[in-house]
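In structure tokens below, several structures.
Same chain, two partners: chain A is paired with chain B first, then with chain C.
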Partner chain A sequence: MDWLNAVVQGTLLGGLYALFAAGLSLIFGVMRLVNIAHGDLIILAAYLGLTVTTVAGVHPLLALLIVVPAMGLIGYALQRGILNQTLGDDLLPPLLVTFGLSVILQNGLLEIYTADPQKMDAGALEIASFAVGSLTLGVLPVLTFAIAVAVIWGLQWTFYRTALGRAFRAVSDNQDIAQLMGLNRRHIFGLAMALALAVTAIAGILLGIRTSFDPSVGGGRLIFGFEAVIIGGLGNLWGTLAGGVILGVAQTVGAKIDPGWQILAGHIVFLLILAVRPNGLFPRVSG
Partner chain B sequence: MSLQNYTVTRTSQAARAAAILGALVLLVLIAAPWWAGRADMRLMGEIFLYLALASLWNLMAGYAGLVSVGQQAFVGFGGYILFALTIFVGLPPIVAIAAAGVLGAIIAVPMAALIFRLRGAYFAIGTWVFAEVFRLSFAQISSLGGGSGSSLPVGIVRSMAASRDGRESLSYWLALGIAVLVIAAVYLFLRSRNGLALTAIRDNELAAGSLGIDIWRTKFVVYVVTAGLTAMVGALIFLQKLRISPDAAFSVNDWTAFVIFIVVIGGIGTIEGPIIGTLIFFALRETLADLGTTYLIVLGLVAIVVMLKAPKGVWSLIRTRFDLQLFPLGYRVQHNDKKAD
Partner chain C sequence: MRESILNVQGLNAHYGDFQALYGVDLDVAEGEVLAIIGANGAGKTTLMRSITGLLRNGAGQISYRGQDIGGLRADQVASLGVAMVPEGRQLFRSLSVEENLIIGGQVGRKGAWDLAAVQKLFPILKERCHVPATALSGGQQQMVAIGRALMANPDLILFDEISLGLAPIIIKDIYDALPGIIGTGMSAMIVEQDITKALSVSSRVYCLQEGRVSLEGQSATIERADISRAYFGVE
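Here is the complex of A and B:
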């Protein structure tokens, strides 16, 4: 029963990892950009949520109403202002610029919020739970998983059913021809980053309710998100959810074997999948 | 205007002057224990170790196109191997440093086999995952202090040299030695047949492959050799620090982010770039370090601005302005009438 519990809790944890990963997956899919600062942006969102909840005195979930649009705006500005200049065949400029951004964000947050671990207070939601058979499920993890499914469904729908999604797919397939067809790729990229960071905002708030965070933990979140993307297969959003779940289960089962092995078990499963299926489990586009 | 009026040369007057000047500077640096203070020697030792790391990362990223953000895996691995071999096996530190290099290269072989399946930026983050695996694994080894780390026992430190001055001079010379070794190795490698292949791959991978260059093998060799040398540098870093912990040993900021900034600011894909970048990095650090975190924000901004405005770095600005190449790698055609040489 303990093992079943570990698997179920891991699956729910995977929802959070899928939220970390969805933004990465989206921007990679649209503009082949890998954002090293992604983890730090998640933490930035968590701190923004913290500020909103303390200043306005509202519940963290209500803070989403402000943090999601704020992160969207930051994303659009970031893409139009800086990241668009780095896109091209060369891999190094986007990598280095987002690396620089990561260092700036980490130290900027350190300057403003100090290195003390912080946490958002979500009141009764944090400890609420309900029983399913012999298992007890926390309301927050279940809610997180449900949000992850909804977000991925929403992204999928945007991608394949809307004009914006058509624009995303067009610039992803061929930037130059999309440009000839009247799409402004700089604007489209800006919108993609805005959407990605809006998802990041949700991930950051849920992370901040679930665990404590400090300015230095962004890198770890980036790696979890990245692993979920690779396990699931590049360019496949539902695959990313599956990747997040596999990673979450690997971690909780690893922690069950030995508490020190939690994170390590996740990395090892990732490397094993990389050895067996280098393109991930459900690849859609090639790297 | 016949062809005989032209000659192809590799070296130049500037390069010869640089070689002589470099040799003189090297002699002065070797003599540092007799003219420099304790704090200066420590700082210079650190500069040499960063120079070695930067030159190695430059070889990988600037020439082989292997953009790794996980070199801290080998820095930390080398440091831990030094501690393990001296404490448990009783090897003298110098032997343990060499062993760290060999073991670092050996462990890089299976890593390369796995990680080379990822491309581009995903390769980069994949290397980071490996570094995390190393960090978490070494944190599990309780005999090396687990998550809180351990110090090098006094007896081992004393075994290097009897006096404190002697130890400090030795560790300074080792740092200088590895920097010179790395730069010489990179220079000679790039002038060799393999280096030519590497430069061809850098310029156009597809064309290089069609000329019969084994791209995978060339990159593999670079990755493994770099890993071994990086592990040796790592062992030296922690021989200087005398204390190791998983978070310090496998720090992505200290051993990769700063190194990447150094190379990019100085000029990626040149031997001179990392040297200039290291000097700029330490000049910034020594003047701005009092500002604390602001200094790191400034560093990040400088790196971003350089990447956007002068992506080839400071050295390329100098090189295009004065047509200089201090480490003669390429060939140049000269018209004999000028009689430059």
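Here is the complex of A and C:
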């Protein structure tokens, strides 16, 4: 029963990892941009949430109402102001620029918020739980997982059922021809980054409720996000959710074997999957 | 002389250090069908890319309805009413047939062409509206590419090598359909390697050779010998 518990808790943790990963996956899918600053943007969102909760005295989940649109705006401005200029045939410039952005974000956060670990106070939600059979599930992890499923579903719906999603796919397929159709790719890319960082805002706030954070922990979130995307297969959002769950389960089961193995077990499973299925478990079939 | 819709004046086009067009002058009258012929590498596609704004050569070289469009982005040029059927069709492979057509209408210009009108012109596109565009045969893909351009309700439509890689019977079908498409008052530029086809549907013809206009004339009266000379650059 302890093992079943580890698997269930890992699955719920996977929801959070899927939220880390969804923005990365979306950005790579639309514009082939690997955003090294993604983890630090998650932490930025957590700090924005912290500021909103302390200044306005509201519940962290209510802070989403401000942080989600704020991160969306930051995403659009970042894309139009900086990242669009780095995109081209070469993958290296965006990598270098987002790496630099990561350094700037970390140091900026350090300057403003200091290195002290912070945490958002979500009150009773943090410790609330309910029993399912012999298992005890935390309300927060279950809520996180439900939000992750809803976010992935929402992104999937946006991609395949809306004019915006059609534009995302068209620009991703062929930038020049999309431009001929009257779509300005710089604007479309800005919207994609806005959407990605809106998701990142949700991830950051849920992270900040679940655990303490400081300006240096973004890199780790980036790795978890990357691993979830790669395990699931590039370009497949439901695969990204599956990837997050596999990573989460690997970590909790690893921790069950030996608490020191938690992180390592996740990385080992990632490497094994990469060795056996280099394209991930559910790669999008490309025509 | 009818009013000109497109006017190209001394167009120099570059890809980095490489110059592809040298002082090209050309104009298209309202409602006119113009053919552009020339060998591979003569600059035909570069001319198309320059007009549509995919290749930007700076202001002052291309004007559309009296407005300088040389410095505009492709999406801005498209919204003024210039559409292109690109070489090799270049459909969006993640989009269904219907979505490919709908995205052509994205520029939001009003007119006779909508989804229903395109599907009436090419009924097969209605039948297969939900399959991925690249699952169609080459000829059907070309219909999607043409329909996608029409959806923008352009005033000037550019066809770049629409017969390339297609079976002769399909090429014949597409050229038979062309007058009905262009006859609705659009102006058109047709880039084509098949000179006979190009001359049969156009009223005037320009020949490009190594980035320069080597011949210009009326399609009906132009001499084949002159074309050969202008095409290959040999006496």
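Note that in this section the second predicted complex is superposed on the first by the 284 of 287 C-alpha atoms of A that agree within 3 Å, B and C clash if a C-alpha of one lies under 4 Å from a C-alpha of the other, contacts with A are read in each partner's own complex, and residues count from 1 in each chain.
Everything that follows uses one rule, which is that a contact is a pair of C-beta atoms (placed from the backbone, for glycine too) under 8 Å apart; a residue touches a chain by one contact, two chains touch by 3 or more.
Everything numeric here is computed off the predicted structure, so don't read it as measured data.
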(message) Once chain A of both complexes is superposed, is A:91 in touch with chain B (first), chain C (second), both, or neither?
(response) first
(message) Can you tell me whether chain B or chain C touches more residues on chain A?
(response) B
(request) Once the structures are superposed on A, label A:181 by its partner contacts, choosing first (chain B), second (chain C), both or neither. (result) second
(message) With both complexes overlaid on chain A, does A:173 touch chain B (first), chain C (second), both or neither?
(response) second
(message) Which partner chains sit in contact with A:204 here, chain B, chain C, both or neither? Use first/second/both/neither.
(response) neither
(request) Show which residues of chain A both chain B and chain C reach, each in its own complex. (result) 287
(message) Help me check something: in the complex, which residues belonging to chain A touch chain C?
(response) 163, 166-167, 169-170, 172-174, 176-184, 286-287
(message) Per the contact definition, I'd like the list of chain A residues that touch chain B in the complex.
(response) 33-34, 36, 82, 85-86, 91-97, 99-104, 106-108, 110-111, 219-220, 222-223, 226-227, 230, 234, 260-261, 263-264, 267-268, 270-271, 274-275, 278, 287
(message) Touching residues of chain B toward chain A in the complex: what are they?
(response) 61, 67, 69, 114, 117-122, 124-126, 128-130, 132-133, 136-137, 139-140, 252-253, 257, 260-261, 264, 268, 293-294, 296-297, 299-301, 303-304, 307-308, 311
(request) Can you check the complex and tell me which residues of chain C touch chain A? (result) 52-54, 73-75, 78-79, 83-84, 86, 90, 92-95, 99, 102-104, 106-108, 132, 134-135, 148, 152
